[in-house]
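The structure's right below; bear with me while I get my questions together.
Each chain carries a letter (A, B, C and D) given by its place in the written order, and its residues are counted from 1.
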Amino acid sequence: MIVVLKPNVAKERRDQLIEWLEGMGLNIHVSTGQYQTVLGLVGDTSNVDMNLIDSLEIVDSVKQVSEAFKCCNRKFHPEDTVIKVGNVKIGGGNFCMIAGPCSVESEEQIVGVAKAVKEAGANLLRGGAFKPRTSPYDFQGLKGEGIELLKTAREETGLPIVTEIMSVSDLDLFEDVDVLQVGARNMQNFDLLKELGHVGKPILLKRGLANTLKELLMSAEYIMASGNEEVILCERGIRTYSDYLRNTLDLSAVPMLHELSHLPVIVDPSHAIGIARMVPPMAMAATACGADGLMIEVHNDPQHALCDGAQSLRPEEYAELVKKVMAVREVSKC
Amino acid sequence: MIVVLKPNVAKERRDQLIEWLEGMGLNIHVSTGQYQTVLGLVGDTSNVDMNLIDSLEIVDSVKQVSEAFKCCNRKFHPEDTVIKVGNVKIGGGNFCMIAGPCSVESEEQIVGVAKAVKEAGANLLRGGAFKPRTSPYDFQGLKGEGIELLKTAREETGLPIVTEIMSVSDLDLFEDVDVLQVGARNMQNFDLLKELGHVGKPILLKRGLANTLKELLMSAEYIMASGNEEVILCERGIRTYSDYLRNTLDLSAVPMLHELSHLPVIVDPSHAIGIARMVPPMAMAATACGADGLMIEVHNDPQHALCDGAQSLRPEEYAELVKKVMAVREVSKC
Amino acid sequence: MIVVLKPNVAKERRDQLIEWLEGMGLNIHVSTGQYQTVLGLVGDTSNVDMNLIDSLEIVDSVKQVSEAFKCCNRKFHPEDTVIKVGNVKIGGGNFCMIAGPCSVESEEQIVGVAKAVKEAGANLLRGGAFKPRTSPYDFQGLKGEGIELLKTAREETGLPIVTEIMSVSDLDLFEDVDVLQVGARNMQNFDLLKELGHVGKPILLKRGLANTLKELLMSAEYIMASGNEEVILCERGIRTYSDYLRNTLDLSAVPMLHELSHLPVIVDPSHAIGIARMVPPMAMAATACGADGLMIEVHNDPQHALCDGAQSLRPEEYAELVKKVMAVREVSKC
Amino acid sequence: MIVVLKPNVAKERRDQLIEWLEGMGLNIHVSTGQYQTVLGLVGDTSNVDMNLIDSLEIVDSVKQVSEAFKCCNRKFHPEDTVIKVGNVKIGGGNFCMIAGPCSVESEEQIVGVAKAVKEAGANLLRGGAFKPRTSPYDFQGLKGEGIELLKTAREETGLPIVTEIMSVSDLDLFEDVDVLQVGARNMQNFDLLKELGHVGKPILLKRGLANTLKELLMSAEYIMASGNEEVILCERGIRTYSDYLRNTLDLSAVPMLHELSHLPVIVDPSHAIGIARMVPPMAMAATACGADGLMIEVHNDPQHALCDGAQSLRPEEYAELVKKVMAVREVSKC
């Protein structure tokens, strides 16, 4: 940590600060510039309140030098993490195609979509059983029954299943789920994250609505520090002042997260965009900038979907997209 | 709901849409303009997926007419809600002063601060026992022990206590707490909100980091629709591209929420600003635009606080502020 | 325009409003729903102040039906606009590669870079002569001299030149420039836009730092309504709460602008990202989602560049990128 | 400037960087921590490209130590600036009340409003002659004629006049205007700012739509560094994801700008909020947190205003507000 003092600070007050910092077990390197003095804090600064120091009258600014995240930091783990779900590998040069409806609605629907997306090239099935909805009056999902229907679809197709968990108290119902998803609204539900650190299954962690990349990585850190190292990061659009589109898909997060962390990074263009016909170009763009996979909403009857039909592709549109995505991936790999 | 069609839509396709909508039990008013046709949907549109209709090729745009929130809507409940906590009234012309440290640290600390803020004029005591922290490596609060210490402080001072709940599974520990707080990061933790709808205690609901006013009201609606009508709304700063301050305190939320809803609206300037010396002017501003109360961090020893010391006032600064706030309130009441 | 009245509005007040609107020469269609009444305004509503009506006590909300932009609207011009600059075509299935340094610094530099980028596959040369800088103490460009050097580079290579104009009063100096660029900070400098409507040259219009797509199109409309239909739209990143990157490149703007408008849409990943090693993945992503071209900073000696060296590719890196971009374009075309 | 190197950088590469920096005439202080090395750059760093250094492979991060703004920096000018316009003083404990219509429409209108606001307590008259409008099809102001009408209103009332300048080429028309306003969209029109540095009149500089406080101060710096030290800063709302209000009024900018700079800071709540009935609470809030004045839209006939009628107060509402504002100011002064 580096502390920049204001110009013309009285030596006495400066020394007081240094003494206080040394009292915390730190070594202080003093560097006196033409106008300002800079203190370098060496040692374990994890208990030092950066904001507090920043608020002291004699301090101009404070800068953290060491990284806040460790388990997910590429500096300490240069190799890509590869996560295995059944026969599917995610990360480290492997590309995953997760597809399925926003909500599980019926056996016929989920099995039908599962077969269609498998046929089209998907290797994981998604479907919402527990649905986080802004309004308490909107359809909240089939819950436990939805998970059972997902398992049926898995039996029929062999596709591993991905579905969202919203609460620690539902954990028992997810025992036989392959990948547990944490939704954007729960990205900083720290109690849930800690609990998922004790689950021996991959966690698909979506970036929150207005969270920074560092916050996303810190949330991955919660899961990993609790013992579960299988975290898949997912960019799904952030909130801005966008007028025509629901959210702003932040694709530059893909190469940046790859630089900062060894975890796989996938992209969900469907939620970010909210308009089915814009999903294919954004899926191709995500692939071109190096995403390790795509999560895409597919529904066999979007006009009658109980949730987010507007952003769902039809199976034949998805099949078309998979071909293009594969072609883009082929030429954009380094 | 109003559906605006694109210009020059074939009559056949228009009629198809109308038929489909009528199939949902709606009456359709057709209004043919010079360039465009507008459909007015009358009846129960709660099952109609606005985004889906918006995505149809022949549709230009869709507009919701009726309000999404009902329980907290001033249109349906013109009178201000007044919430009673012990002898303290919140809302409807009553002003509450909630004060205390970010975290409960020890009996000495919390009792000391409680006495000091009571002396200064506070009528509720706040203190964090469960702390949501971005980093898993930061101090997470004294948890159950912290709540016990808050109760001790209540015994000593008579001040009712306000503290944050992060998880449904901790609910038992909060049985004897007076007001349960939902933090910004959990504003859309819908499972928690629903559960708090069954608790017979006031809920202080903080606005999420980047949530709109409508989303805040929809989250209040979750609690109220589950049976608990005692919700206090709290503005605490939103995320923008602010450079010198942590968040942007959105004070215009105060009069706007008062217009939209009958619930009390309080302001927490400490978290939004993050710098103690900026808290007093923003507290006065919040009072001047009609807030029903203030939640302010006070610590007897900010330099050694385990959390957010930088934004805490000292008791004597708080006492000074209370006087000014009262004077501003006196002259700005309508 | 559609005006939704509040529930239970007195007939008298409703009729008053209708009369007032009719007084503006409009025909009013009244549609009475179960709870609310909706007025459809037919005729020339361009003089109607939507905000004013929205603020009337009896009005719930107002909705614009007809589009605010006309000249650049795809509804009225379904065919793609193709802009010709010398032998280069932009838009309508043609792809342009604009490259060059942030600032023109010397004849040696600009001619050297021009030759290198031409060799690599660029078909237009960019270079800043007038530089908008946040600080008055930063290098402001070589101005007129810079433009002369760009012309020299054009002579040597045959590449048409693109450079930014910041003020109407400099217009004479740009007489022999091929494409005039309007920077992000001037996107709503309406006096400049109007003046550029009288210039018989293509205008490259960059999206402002925090402007919506509609505002970008309205600014294009300023130029086009003044007589110049050759406008190239350019996405260059928007301001959010991004932590590791300078701006957030909003690639979903590409397909959305293509749907809304017939104008060509190019992307400048260099400014948005600010880190040279992140430029190639984002350039490929922009190509994959359908951009009509790329504007990329290339400098022969980034470490000694007078401006934005950090985001400049070296010529050999650019040559490498062009190959990949061409491959991505090949497979992602519909 | 401080440069933090990555861990385990080879000594050779580190020395290369140091040598290069010394080649720019700087002295380098090397501070070797447990994990990382920190370089302190002492001397004139104004020509050092911070972004470039940040992008070097061996560099972890870079931090600016000295302030970018000087003329407007309170560190170098601790005393408040007081600006005199006729008999009116702005800043340094003086409070100014600027009022008038969004647009000047006719002699009757502007003289009428001027008399009314003077009567109510205003001490400066505002009125738009040149209007920046998002759409080229909207009313653009009476231009030169509007300025003449403002002068007439000044003659009738004695109130000095404030009006917006959009272009350097109109400067002659403003010769007899008392205060020149730079609108939000032109905050970074650097050519205009530089020119206003040569004008011997106070400049009212509005914060841009999505600009940071530092950028606002850097724009003030453009004017001041060119020779004009009379700059009034104005907060007018920033762009966020606000749903019910046009912009988010950032009142915490008031105390923060006062800490950073010695310039007066006023607030324009009318544009930020866009709804007349919300203007009074926000005007009082601005006063309570220390603003040096208010700029408020007043129109004698808001329903027929040619521009922004929705946000204008009627003269009698303004008179009511002035009383409350004065009372709030009285009690909130330190």
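In the analysis below, a contact is a pair of C-beta atoms (placed from the backbone, for glycine too) under 8 Å apart; a residue touches a chain by one contact, two chains touch by 3 or more.
Everything numeric in this text was worked out from a predicted model, so none of it was measured.
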Practice item. Using the touch definition from the top, list the chains contacting both chain A and chain C. Key: B, D
**Study point:** Farthest-lying chain, centroid of Cα atoms versus that of chain A
**Key:** D
Study note, to complete from the structure: Between chain A and chain B, the Cα-mean centres are separated in Å by 26
Practice item. Express in whole angstrom the distance between the two chain centres, defined as the mean CA positions of chain A and chain D. Key: 38
Revision key, fill the gap. Two or more other chains are touched by the chain C residues 210, 239-241
Revision key, fill the gap. Residue positions on chain B within touch of chain D in the complex are 210, 212-214, 238, 240-245, 248-252, 254-256, 259-260, 272-273, 278, 281-282, 284-290, 324, 327-328, 330-332
Revision key, fill the gap. Chain B residues touching chain C in their complex are 2, 4, 6-7, 29, 31, 33-36, 38, 40, 42-43, 60-61, 63, 65-66, 75, 239-241
Exercise for review: State the interface residues of chain A toward chain B in the complex, per the touch definition above.
Suggested key: 20, 46, 49, 51-52, 54-55, 68-69, 132-137, 166-170, 185-186, 188-192, 194, 209-211, 215, 218, 221-222, 225-226, 239, 274-277, 302-303, 305, 307-311
